[in-house]
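Below: one structure, written as structure tokens.
Chains here go by letter, A, B, C and D, matching the order in which they are written, and residues are numbered from 1 within each.
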């Protein structure tokens, strides 16, 4: 068994530098690597390119890095919950590459799976396809999309073991599994770190082979963006 | 009278068919789940990784780890499942989802749709909409017939950046149900009390009106 | 909840016809759809194209269909445990398309995932790449591979529920999940069929959306090809 | 004396490095697992969907649902995991597996390998070998130096259909350890008691011998 455990976020983020490209898991604020983001703020690294489905809200998630102007470029599918983001983008301070959500997910998977490029119908005929190769298969048009190249992937899992095996919970799974597969160095923070052998090998979502560093996260806030409820009758 | 948002959703719900998996976009489309016709089984897919989406949780039972694509806290029904985003869009691109209902800023008479960007002013991103419209066999657009300035949203050509080309086949607005075919809007139904003339006036694109146009039934 | 249950193999295979293309899960004899294969023998359908990693052994698995000359063409990665297969292939009675195992798996996934084609390094410079488009990405050569088109996928799962959700066991998982995603009609036989709601939604390997018909299998033989053991000390 | 199959495996095991994930092919490569050097942690991947492969099960504990890529009943160690074939080859193609050890019928001095087909006579298929050799950063071929007819298997050019091109960097045979670089076989080590002359005689491809060639150490 190959042990992947590191002590904390500080140790987990060793090697992080200005100008790097990162992947960050999460959908909205659900399943984001809170501890890793805090440590990126602490480190003060700048000129970052961040691949993440969303860009957080003004005062949480990737919004914290945007506030401090640590991000040079965002690669996302939806960024509609963040005023500071919109301001930086419209003023030209922030580069933004918006790509379809399914294409984003599949490009992450391709990166981890050694697939350099694939065809998808998403975005054909729109500005997303501008400058890209298009091709017809069985009478339908598709766009050629490529794998990413990211030095670090920051991933949040529910449970993990010392061998780096991961289990996610609910819809906090989202982009985390494919990003775990895709990072040159994949850093995982978990709510509960257990010994190898405690997780059912048949129920592991991401095998430890994809994970370079894993640590027990602390002080999870797990903020809810839209608290919608059915009143007690 | 023009329909309320709830009535638009209610009318769209009549389009649901037994054993369909359905993806509902943010806004009016989300409301469709409240009007599933009796006697049919449908399951709702949320592209952030959830199938068998249920109603909002009972107060106090919210789970930050269980949300829909609109970031709202939700529940999961018996027979539901959870999965990652790659699997979710495998379902969508692979045409395993039978119906997509989504909002739009503009729809053109050739089936083009624009709903993700107003250059220089509003750039929220397309989210999963481009994957959904490029893949779904059935797409229903749910929207107001005109924008806040009173301008038609059913156009000869979209003026905003496109989300998808030639993909919309049906539009349900507060005024009408329309089918898109052969490069035109075809009027199928009127909102109760709304005249064909009113719909014509609110439609910039070519509107085909053949025979008597019935009122919607609820 | 959409109910996918059918009574038995007979009902599950309705619509199966001569000349069709099928996918069949399993690796060797591990995780093969035993009940579906038996029913295909019963039906006597012929001129079949079968996509399956292996071709069974002489008297079990797909070997049963080969014996009866029901298969016109096999699409596989490894067929080395079946004398009758080898005889039919070398004599030209059986068409065989041998493709790399990873390419086979990925083509199945692509089929289900709406990806018409992708690039893979496997087989570049070999006869597998003959007549196929090749392309360089980041200094390495890749081959363009396409999705399949299969009328039926026959899949074996460990547990399934009435909504078609599937859980596989051990290495009997293998090709079954991707084939479940890929069939125009996906037929699943399970060792244990339970009510919707009994499986943990977080632990489902294949969501029911991909499954058209599911039934409780019977009389599983689960033959072992190579019984290797460590003697009791 | 020429090495036994077990000794070939034992010599290859010396190449293992701490924290490596390793895929072992059928035959001699499988035996490598019996000789893991003390003090290093490696995990074995089996391409049919298993990581953390353990030894054969205790008699009576065989599970038809737990086999390796050679269809042998095996066990899974603590920290292991199970997955589908697409995930398994994602690991392989994505270069998450650090070392592949496999057998061959022929290896050429440019690194080409042939191990899946003898036209008109033997066509078992390539299984996962083409994915493995096209992807792995480290490939070690484990084989006899000559075939049953006594003909060299280390050739100027492969005569059989290729499994992969220019991919093999190291070969361990019953006679020698060889590195492939600059289009030649470079002799690194001799089997105990086997002379350089014997190895030369058994090698059809260009063999480079520089300086004193040490015997293998066990």
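Keep this in mind: a contact is a pair of C-beta atoms (placed from the backbone, for glycine too) under 8 Å apart; a residue touches a chain by one contact, two chains touch by 3 or more.
Given the structure is predicted, the values throughout are model-derived calculations rather than measurements.
Colleague: Relative to chain D, which chain has the most distant C-alpha mean position?
Modeller: Computed centres place B farthest from chain D.
Colleague: Quick check: how many Å separate the C-alpha centres of chain C and chain D?
Modeller: 28
Colleague: Could you tell me the distance, in whole angstrom, between the mean C-alpha positions of chain A and chain C?
Modeller: 33
Colleague: Where the centres are mean C-alpha positions, what is the separation of chain B from chain D, in Å?
Modeller: 56
Colleague: For chain A, which residues are shared contacts with two or more other chains?
Modeller: 106, 109, 113-115, 120-121, 168-170, 202
Colleague: In chain B, which residues are in touch with two or more of the other chains?
Modeller: Those would be 82-83, 86, 89, 92-93, 135.
Colleague: Using the contact rule from the top, write out all pairs of chains that touch.
Modeller: All touching pairs, sorted by chain label, are A-B, A-C, A-D, B-C, C-D.
Colleague: Would you mind writing out the residues of chain C in touch with chain A in their complex?
Modeller: Going by the criterion above, the answer is residues 106, 110, 113-121, 137-138, 140, 142, 146, 167-170, 202-203.
Colleague: Can you list the residues on chain C that touch chain B in the complex?
Modeller: Chain C reaches chain B through residues 1-3, 109, 111-115, 161-163, 165, 181, 195-197, 201-202, 204, 207-210.
Colleague: Quick one: in the complex, what on chain C touches chain D?
Modeller: Per the stated touch rule, the residues are 27-31, 53, 76-81, 86, 89-90, 96, 98, 100-106, 108-109, 120-128, 158, 168-178, 205, 222-232.
Colleague: Of all residues in chain B, which touch chain A in the complex?
Modeller: Against chain A, the touching part of chain B is residues 46-50, 55-74, 82-86, 88-89, 92-93, 116-117, 120-121, 123-131, 134-135, 161-166.
Colleague: List the residues on chain B that touch chain C in their complex, please.
Modeller: 19, 21, 41-43, 45, 51-52, 76-83, 86-87, 89-97, 135
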